[in-house]
Every structure is written in C-alpha cells, then in structure tokens.
Amino acid sequence: MVIMIKPGVQQDKIEHLRNWLEEKQLIVREYQGQEQCVLGLIGDTVSIDVDMLRSLDIVESVADMRDPFKASNRALHPDDTIIQTMGGKGPSIGGGNFGLIAGPCSVESREQVLFVAEEVKKAGANFFRGGAFKPRTSPYDFQGLGEEGLDLLMEVKRTTGLPIVTELMDIRNLEFFDEVDVIQVGARNTQNYDLLRELGKVKNTILLKRGLAGTIKELLMSAEYIMASGNENVILCERGIRTYESDYARNTLDLSAVPILKKLTHLPVIVDPSHATGRAELVPAMSAAVAAAGADGIMIEVHNDPAKALCDGPQSLTPEEFRETAAKIFKIREAIM
Amino acid sequence: MVIMIKPGVQQDKIEHLRNWLEEKQLIVREYQGQEQCVLGLIGDTVSIDVDMLRSLDIVESVADMRDPFKASNRALHPDDTIIQTMGGKGPSIGGGNFGLIAGPCSVESREQVLFVAEEVKKAGANFFRGGAFKPRTSPYDFQGLGEEGLDLLMEVKRTTGLPIVTELMDIRNLEFFDEVDVIQVGARNTQNYDLLRELGKVKNTILLKRGLAGTIKELLMSAEYIMASGNENVILCERGIRTYESDYARNTLDLSAVPILKKLTHLPVIVDPSHATGRAELVPAMSAAVAAAGADGIMIEVHNDPAKALCDGPQSLTPEEFRETAAKIFKIREAIM
Amino acid sequence: MVIMIKPGVQQDKIEHLRNWLEEKQLIVREYQGQEQCVLGLIGDTVSIDVDMLRSLDIVESVADMRDPFKASNRALHPDDTIIQTMGGKGPSIGGGNFGLIAGPCSVESREQVLFVAEEVKKAGANFFRGGAFKPRTSPYDFQGLGEEGLDLLMEVKRTTGLPIVTELMDIRNLEFFDEVDVIQVGARNTQNYDLLRELGKVKNTILLKRGLAGTIKELLMSAEYIMASGNENVILCERGIRTYESDYARNTLDLSAVPILKKLTHLPVIVDPSHATGRAELVPAMSAAVAAAGADGIMIEVHNDPAKALCDGPQSLTPEEFRETAAKIFKIREAIM
Amino acid sequence: MVIMIKPGVQQDKIEHLRNWLEEKQLIVREYQGQEQCVLGLIGDTVSIDVDMLRSLDIVESVADMRDPFKASNRALHPDDTIIQTMGGKGPSIGGGNFGLIAGPCSVESREQVLFVAEEVKKAGANFFRGGAFKPRTSPYDFQGLGEEGLDLLMEVKRTTGLPIVTELMDIRNLEFFDEVDVIQVGARNTQNYDLLRELGKVKNTILLKRGLAGTIKELLMSAEYIMASGNENVILCERGIRTYESDYARNTLDLSAVPILKKLTHLPVIVDPSHATGRAELVPAMSAAVAAAGADGIMIEVHNDPAKALCDGPQSLTPEEFRETAAKIFKIREAIM
C-alpha cells in the first residue's frame, strides 16, 4: 500500500502517522520526493482502514500496490535514483548520468589491468571492471587471481582514479571487498538469497545482474532482498537471456528490458552487451542500440589481446574498437537528448 | 561452392564456364559485383574437381560454402541488395536506403486508412502498411476486410503515392495481389513452403517475417525457398521471438538479429517493434534502438484511435507518437552515419 | 456461455430454446452426453439475460466460459470424443482406445512401405503413417514423392487393412486426399488458418500437430478453426517444443501437455516421440513414458534401414526396436488400467 | 583422456602407471569395474605420448574424451553408481534401486512432519524430504524454520528410520547438516560454485537439482565441481525447465533428460514432478511417466493439508493421493522390469 502525503505537510505530522502504522506491525518506507513525501507500507495491510487513511488531513491519496516488489518500485519513489561513487567525488549513474564501465573479463596481470584501464579511460570510460573471482562452468578452468586480483584492481583505482566494479561469488570473501566501489552479483548468483541479504548490510553499491534465464520480476525481487536489508544502492543489469536461438550469439539480448525496467523501478538500469552476445563483432551495434534505448549505462569487455585472454576472449573488444564504440555511444546520447 | 572470377574477365569466358558447370547438373547463380563476378554452385558438387577449377585462368579462388542458404548468402553476393519499388520511381530499401513503413494493423475503413496514411507520410514514412487478410488466433475474431481492404489500400497508393505493404495468407488469393508493392509473409506462414515457392514466381517484393519462434537460419532458409524459385526481391523482418519472458512484453525483440543477419546475407533487414513488444509504450525506445543497430528499415503500427482498433490496439502508436518516434529515428541515423 | 439442460428434458423443448438463441445471432453447439444435454453458445452473449435463462424450467445451470476455445472444450462435452476410422470398421482413438501409429518419415518406394507396414502391423500397430508431401527446411532437400507417394499409401491400406495417416501441406492438393483416413497437419502449418478452415469442410479425421513452439492454447485454437468449420474429428498431437536445450535432443518433449490437454478438451491426445526427440535411442524410454502418462495414442517413426532413410533417419526405429517398444507400451497400458 | 587397463592386470602395475601420470601434473581417477580398471586423466594431457601409452603391456586402449565432464562420465565408469545411505543400512539409489522421496515442501511443525512421514512411509516412500531453509523469491515470504526445522527432521529420522533429504542454501550453515543424509542443492544454487566445492569436502550424499533454465551439460559440470573436490555421492535431479509455456504448468518437465543423462553419466538420476509442474493434478500422470522412463527415483511433495501449506501448497499431494501414485509407480516398475 502506498500513501501519498500532501505537499507541504510538516515532518512531525508524517512521523506521527508513521509511528501509528508501525504499531500495526507494518514496515514503513518513507521517500522524500522533490514535491511531496510518499509512505510505502510492507506487510499485512488487511487490518488497515483505507477510508480512514484517505480521510486524514495530511493524506492526498492511498493506492494499493499489487507488485510484489516494494522498495524498488517507482510508484513509491517517482524520481530516478542516482547512485554516487567515491563519497560523491566519483562518477554517478542514473537520473541522466551515464556509466561507461569497461575492462577485461578477468584480471590477469598488473601490466594488463593498468594498460587497459588507461586505454578505456582515454576513450571515455568512467568505471573500470575486472574479475578477480571468476564463476567458471568447469572446475578445471582458470578461476581468477582471487585476492591478488583485488589488490591489482585497487592499484588501478589509485593510478587512474576510476571506481572499480568487480564480482563477489562467495559470502565468506565479503571482508576483502571493503574498498570495492561497485560489487557485482553475477548471473549465477542472482537468486543466491543469503548472499543478497548480506549485501544489504554493506555500504558498497551493488551491480545486480539478471539471471541466466531470469525474469524481470525475479530481478526486481532480488533487488528487493538487498534493499529490504538496508542497502538501496542497487544498479540493475540486463545481460542477455537464454533462448532457443544460440547459433549466432551466446544469449539473446533482451533490450526491451530497459524501457520496461525504467518504468517499473527508480533504480538505474544498465546493459552488458558483451556477455549478452558473447561475440565481439556484435558489441558495437548493440552498444549503439543500448544508448538509443535510454539505458543509464553500459558495461563492455575490453582486452589488450582478446585472442590470448584467459577468459571470454571472443567477446572482448580491443582498445581501438572500444574507442570507436564509445564515440558512437556519446553521439547517440547527444542525438536523443 | 563459390567461384570468384578474376576482375576484368570477359563475359563470354564466364558464360563458357557456366555452361560447363550446368552440364554437370548444377544450378549456377551469377552475381555481378562492382569489381568482379561470383558464381555460386547449388547442388551436388562432389563430382567437381576443385583443383582443376582453381587452375583455370579466369578463376581467382574457389571456396566451399557450408551454409545451407546459398542465394541469400553474402559470401556469394558481397554488396547489399537494394530493393526498388514502383519500377524504380518509389523508395528503396537496403544499401543505405531506409524504409520507414507505417500504418494500422488492419484496414478498417476508407476514412481510417486515408487519414492514417496522410499522417504517417507527413511524419516521414515512405511505405504504407495495413492488413486486409488477418491471421487471428481465434476463428471468432475479426478476420479482416479481405478484397475490399485491398481496394482501399490501392486507393491509398493512388492518393498518397506511398507503396503498399500487406499480408498474403492464402495462396489462392495471390491473384488479387498484383498491384501490391510488397507482399508480407506473416510469422505463422514463414515455413509454409508451398506459399513461399509461389511467391518465388511473382514480381512483387516479399517481406518475410521471422517465425514466432523461428531461428535466424530458418528465416534464411525460407528466403531461400523464394529465391530458389526465381524472386530475389526479399526483405527480412525481425519481429520478436517467443521466450519465457512474457509478463511485460508479448515477445522478446531479438535486436542482435540485425547485425547477425547483415553479416550473413546481402538482403535488407528490417524490424517490427510493434509486434515484437506488443505494447505501444515500448515502441519509441525500441525504434530508436533499431535505428542505432543499423537496420535497413522499420515497420511501425499507427492507428488513428488505438483504443478502438479492431486488432492490436495496445501496440499501436497514435499519429502524434509516431511523429516523435520518426523524428528520433532520423536523428539517430544522422548521428551514426 | 454454457447451458446445462436438466436430465430427461424432451428434445423439442431444447430445440425451441436453441431456435430462440440462434435468433439472437449466436452459434449454438449441442452436445448430447450420457445423462444430459449441454448447449454451448458462441458469439456475443452480452445481450443474453442470464437470470432469465436460469429461471427456465428446462435449464439446470448456466455458466460463463472464459476459455477462448469452445467446440473443443471439455466443459461443453464432458465425455471423451472417440474417433472412428473406415466407417466404423477400422480402429478407434480416444475413450480408452489406443492408436499405435507407425511407419517411415517419408514414402520412398513400394517395397519400403509394404515391408515396413507388414512389420509394424505384426508388432501391434493399428495405423500406418508415411509422408508423401514433405515439409523440408531447405528447398534443395528431398521433397517427397507427392501424388505417387499417396498411391503407394493406398496400396498399403488395401494390402494390410491399416488406415493411413499422411500430411497435407498445400490446400490445393486437398482433392488427392479423399481416401486418406487421417490427414496430418504438420507443426509448420498449425497456424495456417486458411488450410485449417478447409479441413473443417472435409470428412477425413484431422491429426493436428502442435506448432514448433506453439502453446497449448494455440493448439486448441487451431483445432477450433477446424471444428468451427464443421469437422469435429480432430486428434491433437504433442511433438516436442523448441527450448534452449538442444544439445542432446532436437526438441523438448512436453509430456505434461498430455494430462493438461486431457483435462481441457474431450479430443484425443497423442504424442510423437520421434520428432520430439529427434533421436532413435531416446524413443523407447519416451514411448513408455507416453503410455504411462495416459495418452490416447502414439506415433513412432519406423524405417527398414534408418541409416539410408531419405529423411529423418536418426530418429527412426528399426522394425526390431519397434517391436520391443510396442510390447513395452502394451505392458504399461495393462499395468495402469 | 581415458585409459582402459586390460582385465586381470595386477594392482601394483596399475599403481606404477598411475604414479608416473601424476608426476606429469595430471589428476588420475581410477575406476574399478567388474571386469577391468579404467584410469581417467584430468588436466593438460597434451604432453602425454598416446602411442607410447597404447604400446604398454597393461593397456588395452586409450581414448580421448571430449566431454568437459570427467568424473561423472559414464565412459570412465561404465557401471551405475549406487548411492548407499545410513552407512549401508538405509535404502540405496541407482543400479536398479529406486528412491521414493516424499514429504512437505517446508517443515512447519512437529505434528506435521511426523504425521506426513508416517503416511508416506506406509505408502512405500523410503526417504523423507522437508525444507528447513527455504529459497523464496520474495524477502517478505516465509523463509523456513531454519535450525529448528533441522531438529524436527532429525526427530522424524529417529522415529521412522527414514533417511532425510533437505536443502542447504548458505555455505555458512553447513555445520548444522552433519546428520542430514542427503543434502539438496536447489535450482537457484546449481551454479553456486563455492557452495558446490564445499560440498565436495563432506561425506553426505548430495542431491543436485538442475538449474531453473539449466542445460544438461551445466548440470553435469556442477556435479563435476562436487566430485572434483572429493565427494562422489551425487544424485542428479531433473525438476522442470523454464520455457515459453507457463499457462498450465509452472515449468516444462524435461523427461527426456532421464534417458539422456543415464547414457552420459553413471550417477543416479531422479525427477521432481512437483516442482516441474507446480500443480498437484499433474503429478500422478507425470509420476507414472517418470517411472516408465527409467529414472532411479522420484521426489514428490506431500502435505497433510495442501490448502493451508505455508509454501507450494498447489503442487502438494494429499497422503491419499500419494498412496495411489506410489502404487502406480510400483506397478509400472514391475511391468518394465
């Protein structure tokens, strides 16, 4: 249930209503928009007398909210959420701020990450990504550099000033992620609810990927796990879904998810065309499409030498290809403003 | 098998080789590119001595072609096919020419089609679409005006000068489609092979939609049925595929199919975001994405009064919404040129 | 809308009500069950006064029927439909009668079909199948023997007494199918509505396959096209659906469709495990499962020499394998009776 | 790479070869079949001289194994794995032993689990299942009784003698699962690789469910993570896959996975028709099909009062329905023996 408070109502009156609702065993979420305040009620609202609520002086309207996702629901929070990084000194994502996240699939060496980071920064990237812990389908494949990889990423941050995006797979490693600006939850962990709950207790921004064959609703419900535990800094990421068509691309990029999610939620929505297609040759055209569709950001894999990459080489752009792609993205964003 | 002829070889020498190959029971397709000629061999090429072919004076190279689609294969025809309409006096699609096709799902009345046609023409559309014969899931739903609808479409053509795109469902109606510029094959008939074969014998351009859950390869094989019967004027159309995600959009628009198809085939590739999403509110963002992805055209449903449409109202734009969407498309095309 | 007539009501009273309803522009379908009569109303029932209907002496109850499929709906026709063949002298399908349909994918020669037919008959098959017109993905593949194939099938029928199941692809060939006992509509034509409408006008039984990625509802709606045109002899056939999993089987056999369809409709439901899996080695286990799940029949591809089959060899059983599979099917049917 | 040792070779000679291979940095898995020993090599086998291996006295043959799954591969271990429980005193699964696992979705109370356990045991179940930790899509739904639930399950075990199957979601809870006979990995954790690795270090049997939209290959690779870490007691469980068809069943039961997996791997394969269909009315027919298809076991949800279940009520059988279903399963197993 959602209660829209009339514009200009004093905070103590809102507080009063809020306390009364909490006594009814409801969780109350308060959102302060530019013009008015909204209260979202989570829990069993059957006992609430809606007519009485509507008759209150300070209440403008009361609406039932059927969607199972509450905290992420745009109905409760009409303004776009803007995610800030580095205590407000870094780049932002959402509300018109575009995140151009680039870097290799996995951290392989100090030389590699520093080189790629400088290259993508020059091309306009404002975030650096790289995997230290890698979810690999086979236990016999390269599993990432682990903690050593995290250290190299921190060095990249110090050197380039770019905030870092990297994946957490195992709850027990969370302690090493303190300095990580954006913790990525990979597609295989989108419904690892215990992990999500823990991420609701930290201060880092969470980049939550859609499941391998996850629905849009499931993605929002997973965000809800994080937000319900206290962390509202969540970025949603479309990364392709599993369909019957896999002859020419690894997954099917579901680009309509961008306008759909933008309508359903106030959280920023970005796209990963590299994992969605699995093929570098498709990334430039799909990156242009992502920008045109109105996404809040994009995450692109870039590798100094894709043919020799320890992971996901076939989907990585070279720095040169990334430069051209980034330029196209910026042009399209200008065109549609 | 594909034989690249050296640049500058005289036609009679090519003819000579061609005759020799045809005597071996092969079908030979000849493509005259800007610089050189290519011969594509269809049939059982086992008996051909490749080394002998390679040693011929006039042959530059011989390549095996594994793809089951031949006539539509870009390897055989490196240049983009440009589809012309109205005997060259109408708009073209392909090779840099963009087709903006718009109109209502079904022809409902003279007033309706004339009004919508004038509106979309003003907004920049260069083709008019409208259904006279409608494939409806239920036998109890409106099935279209039939021949009367075709007559109204011809009146639109005379009045506005726009070439007409409309769907043929039943082979036996083909005789009524003489004046139709572009005959559409709907998603439910993409593998109606007898229909495709007949369409290979006519002179109209064919707009071939991808099946409801068709693969990219199947789409190309269906084009092959038309082309193998003699008609090379085929436009391919992505229209969304069936996936598990249907809560927020009717189908999943598979936009990656655009760059994939552009690489595999020389035929023009367009997208129908209206049927792909089934929801008007998603069409503007997806139309922008289609333009950015490099498609050769787009087909958008526009209705004077979507709420009262006899068919597919929820996915139709109003003329006003179409005008804004068209403007965005043109801006993006400029930006990426 | 469905009107249940009280048991024992005289036919002239029912006729009277029926005429009155037909004057309201409704189509009325009458089903005579073992105990009582049911009237199904198709069309715009808004103008009908339900309370008045309920108050009639002869009416037991009136129910709204939301399902878009009417004629095939079990609510309208609680008893199983039993399809008879050869004017009642051949085998039946439905209502406890099991159809064991076997034969090669395509008719290749007189010797082949006669040999296979004798073999499958000995093993217990009561229908013979074979394709004369073949829907092939590539125009360059073997397309079937056509009319000559139909003649050979008729010879099989004369020799073995088995009724014949064979596919019609092109409406224009319908005239040749007079003597065909069961006309098959293939998965690529499940939504070829003009074809379905024509099949509603003939007397043959129609075996309607589910579309390549068709929903259960679409299958029922396609049956509705046939039945609404007058032919109620329709058998539904699950044949596997297209999913993301295609490494080890061509399609995913959706066996739950059997109990689902048995509940929704009174029409017989059979399964084609050969096309569903595309691999002979999976057919025996899946055939056992089909029998256990309560299907009314099964259609299995059997070839004298699968390795040399002109079509779909890898999914065909040898006569020996078929004999074992048939024996297993019979044992399971006994066990679950 | 797989090395088949000749029958009758003495163990010390095999040990000698094994040591030599391990010095080459290969992991060597040894399988002692009824007639001969097989060595499976995991790792980089490029440096191995295959011809030399083949020439050894004790070697019968050497084969390359392309499948990425090694430890679970039937090529390496031709005999069925038989999983024993309770130190050999409990029921077994695999190699002709059928596991009939039944119980409620979640543990709700002492009375509930004891009642249901007695009921299913009487009907022939040889394992009891119940969830203490529940993966729920919404953070606001009932999440299970946790440790208290585990205690109740242990009481069921003491009272009925049935071994217990229950799900682990969070690695950090592993310490509480010591007495659990079969630890279930749910569909949302099938690719939680860190969890799988930990489960490779315990002695419990692991019941590994296929992912929500997981491939057969991914399921085997996940088993590989467990086995590569040392635990070979793994049961695979098909539980329905996500497809476009969800109007009448929650998932599509992919029953062909049973014969496919039985061919690819020596591990036992069971099916969960309750989660696969999500609807109790489909469970009896699908359970019969599971038995007919040759599965090594089945897991069925049974609840004392499905309408009041805290979780997944609509898919639970009543004890009476379970009794009938179990009887049918036993009859079919007899029929196909």
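Letters A, B, C and D mark the chains in the order given here, with residues in each chain numbered from 1 onward.
The rule we apply is simple: a contact is a pair of C-beta atoms (placed from the backbone, for glycine too) under 8 Å apart; a residue touches a chain by one contact, two chains touch by 3 or more.
What you see is a predicted model, and the numbers here were worked out from it, not measured in a lab.
Taking each chain's centre as the mean of its C-alpha atoms, the one that lies farthest from the centre of chain A is C. Chain pairs C-D and A-C differ in how many C-beta pairs they share in contact, with the greater number at C-D. Rounded to a whole number, the gap between the C-alpha centres of chain A and chain C is 49 angstrom. Inter-chain spacing, taken between the CA centroids of chain C and chain D, is 37 Å. Multi-chain contact residues of chain B (touching two or more other chains) are listed as 213, 242-244. Interface residues of chain C, counted against chain D in their complex, comprise 213, 215-217, 241, 243-245, 247-249, 252-256, 258-260, 263-264, 276-277, 281-282, 285-286, 288-294, 328, 331-332, 334-336.
Remark: chain A residues 42-43, 68, 70, 135-140, 169-172, 188-189, 191-194, 197, 211-214, 218, 221, 224-225, 228-229, 242 touch chain D in the complex.
Remark: chain B residues 213, 242-244, 246 touch chain D in the complex.
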